[in-house]
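Each of the two complexes below includes chain A, the first together with chain B, the second together with chain C.
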Partner chain A sequence: MTAATGANEPARATQPARATELPVETPGPRPSVVVLDYGSGNTHSAVRALERAGADVTLTSSPRAVAAADGLVVPGVGAFRAVMEQLLAVRGDQLIERRLAGGRPVLGICVGLQILFTEGVEHGERTDGLGQWPGSVDRLDAPIVPHMGWSPVRVPEGSVLFEGVEHERFYFVHSYGVQTDPAAALAAAGETPLSPPLVTWAEHGSPFVAAVENGPLSATQFHPEKSGDAGARLLRNWVQAL
Partner chain B sequence: MTREPGDPRDDLPDWPDDVVIPDDLSALLGDTEGTTADQASAAGSPPAGVEPRAASAPAAAPSEGADAAGRADLRDGGTAAAADAGPAEGEAADPIVRTTAVVLTSVRQAKVLAGVLALTGIEAAVVPSARGALAVRYVEQAAADVDPAEALSGIPREAEALGAALSVATRSEVVLLAARVDEVDGEIAGQVKARRYRGGQVADEPPPGLVLAQADQVAERLLIGLVQAPEVPGYVSSADLAKPAGRSFFGRRRKGGDDA
Partner chain C sequence: MSVALRVIPCLDVDAGRVVKGVRFEGLRDAGDPVELARRYDAEGADEITFLDVSASSDGRATTLETVTAAAEQVFVPLTVGGGVRSVADVEALLRAGADKVGVNTAAIARPELITDIARRFGAQVVVVSVDARRCPAGTPTESGFEVTTHGGRRGTGLDAVAWAAEAADRGAGEILLNSIDADGTTAGFDVEMLTAVRDVVDVPLVASGGAGRVEDFVVAAATGVDAVLAASVFHFGTLSVGEVKDALRAAGHVVR
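So, the complex of A and B:
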């Protein structure tokens, strides 16, 4: 497999020593979360991590379940084109679009972040993404690719996802990323009725987008489900906001 | 099957005789959850956004004469004309394609946006929202008048012109949302398209879901048809603002600016 992106073989990286104190779980109804099952990689770690974060999790691609859930997680592992093909096969584009139209939260993870952008370019071949944010997913501009391991992130003010873990490291496994600012296009337009996305950055050779928060749509390039306590806190932040 | 002289299919020697080109391409669009045009027709309902002309009165019609810029004009000029020159008994009614166009702007006050529209000679309904004033126009077209480009884009030229003109008049980016929705089997179905304009030009076509999520809820209610523009508190029609009034409004501002 030419795993251009994603977690083909997770590295045996050492988790940073800094531990993040997890908040005490508050009693009450657990929000329902669907992890979109469209054949893209191992979803079990995401399911388990979301359950630990306080959600009732279902792994499915049923349109009814996807529409009804409090939150939808779109994981993604592998090549951009393959992930898009698999996603379109279950009409994932429409499921995501419908949720967003209703202001219902969606969280993309790894290639699940990448496919939310305009396009992906792998080996010179261009594939349309979902176009939720402007930008192209290209091969990382770094001496060593893939980027595997724990990296710090630069979190913007106002982030809900990173509350309490702004200075932590997260676990990345990827060869491709978005290296242009998706908020720049909106900012360049001057006054606009739309809110620009909040962008968190990381660096591997050059800066790339580590996470995006934009109303109901959020996504991370890293794997929160494999990012230890910091990732668990991030998922809990997302689940608690549902 | 006989063909009229000049039929474009004459240029296609292998074109099968049993293939019929639909007049209304919009019937092929907008299916998102298994509600196809065929299914809708089979259920006795028209496809999303398409209704027979005879049933063109809106479910929640605005008060008479209130929406001078939009629906009232269309109702008078559209339905009345249809009643005058309606199909003879036994003839199929000419379907009407309805589109609701809502333009999101960053102009804070509805009255200011209506003034800008009045000064530039653009007629539209304007309603306030928490995220900026919205310009609204209801477009009704006989299905036969919808050209393929409009059908494919889901955005009538009239709505497109409103978005482009507003981006020039307000000197800022605006986002046009165009919706063709209908109730099919008790569920609202249809399609929504988004298009962003800057300086009179199309900047891009973002997926509408995230745009809708960021807009005030009144935009969604207008697009779905749960509320008509004149029913929104703070509604202003640019047609109701006489040009001199619009001029004096901006004249006062300009004078104040000069004084400062």
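So, the complex of A and C:
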């Protein structure tokens, strides 16, 4: 990895060869991917998983690098409000908006999905999200919260992200989620976008949005970088479409 | 559509090396926690837990490097616990590549630590480990279970069931309940204790301590826990993760 802000990366001795490493199938040049570095969460796995998926990965919040990359990944863990504040501090809202205006791919992960919606509500306090999709991020209504572990997903026809892993489980860890259908909300509002959001659902207590694919903008509530081989395949699907 | 019951191997790590003896064949370096974690990942482990038992600060620094190496090679969630005393300790582990961090003794001494970590990083990061035992004669708690420290060598007088509930209220995203009486015995989990804590805790609950046979995991799962954790049976090759999952599946539990 070329970590623009990876000064805290410890030096390591040579790693043993990986018997189980998946082959990297990239005949041509590797697409460039920036993982947005804005202080939210563990990025090591995301960087390595994307490299394994065939991308040339940089961890940075440099606007130039973000704009130039073939793909941008927006990770995020923790509270909606805290993540939004951290994102705004590096002008992540503008970086994302500019890429999307140019039709350039962006992938949000976990809270990186949540902040793409209209708003988040935590302990009765609402926080504006980026508003790319209509919907509120609310506390999950289930006997056991957080939803922590491997759950199956309900994938719609036409999904590119989930090709080959439609029937696999993915690793979720979250207490909040979008429990309304953004596509239905757009339709109800009389909006008919050229490409309506394609929604994948999962269930914990009640159905919630597990993933959205919408032109250049995709997002997953689960952690593909923590979802073993299924997650690796999903990331490869995304990288190969860049 | 329900979430799968997780099976979690736990590795005791001292200064970057696995502590307990390992009898795996085909490993280049059976003392390397990263290699072992990869092996468990390949066997179908749903998460990996590292328990840092390093006594020295040098040893702990080495463990951070191990965590980073593991995070870059293991693509299932990684929990790291042992000796975590502060928000800064948690931050260092998360930056190194941990997904969740276990706190134990420091949270007993200063319960606000749980809330501080949850506010800063989210509840999903905080696993409160409870080392509990059946109360010795003469020092009862209301539930009959007591929180211990120092690997079970010291009692605290704290009611283990009440403490688990308080930890969840204070922001723990998960409770790891380890039976000190059962730990290392391979005589089975403390089902009574698991049931008592399950009744009062509405965050995920991990059963730990006592696993010996696949049947033990099935019995523990029946208490409604969200995950089962074991160390020795996996290290010594007595059982594989796959065998445990097969038994759980055969008993009607949902596994990955």
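Keep in mind that, in the parts below, the second predicted complex is superposed on the first by the 212 of 242 C-alpha atoms of A that agree within 3 Å, B and C clash if a C-alpha of one lies under 4 Å from a C-alpha of the other, contacts with A are read in each partner's own complex, and residues count from 1 in each chain.
The definition used in the following text is that a contact is a pair of C-beta atoms (placed from the backbone, for glycine too) under 8 Å apart; a residue touches a chain by one contact, two chains touch by 3 or more.
All values reported here derive from a predicted model rather than from experimental measurement.
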Legend entry - Contacts of A:Q240 with chain B and chain C, given as first, second, both or neither: neither
Inset, instruction - Spot which of chain B and chain C makes contact with more residues of chain A, would you? - result: C
Inset, instruction - Please indicate which partner A:T58 is in contact with in the superposed arrangement: first for chain B, second for chain C, both, or neither. - result: neither
Legend entry - First, second, both or neither for A:E203, with chain B first and chain C second: second
Inset, instruction - Quick one: classify A:P134 as touching chain B (first), chain C (second), both or neither. - result: first
Inset, instruction - Pick out the shared contact residues on chain A: the ones touching chain B in one complex and chain C in the other. - result: none
Inset, instruction - Would you tell me which residues of chain B are touching chain A in their complex? - result: 32-33, 104-106, 131-132, 172-175, 192, 198, 203-204, 206-215, 220
Legend entry - Interface residues, chain A side, partner chain C - complex: 8-10, 12, 15-16, 18, 20, 41-42, 44-45, 47-49, 52, 77-79, 82, 143-152, 154, 169, 171-175, 202-204, 223, 225-229, 231-232
Inset, instruction - Name, in rising order, each residue of chain C that touches chain A in their complex. - result: 1-6, 28-29, 32, 34-35, 38, 41-42, 46, 64-65, 68-69, 71-73, 75-77, 94-100, 119-125, 173-174, 202-204, 226-227, 256
Legend entry - In the complex, chain A residues that touch chain B: 63, 94, 96-103, 130-132, 134, 189-195, 214-217
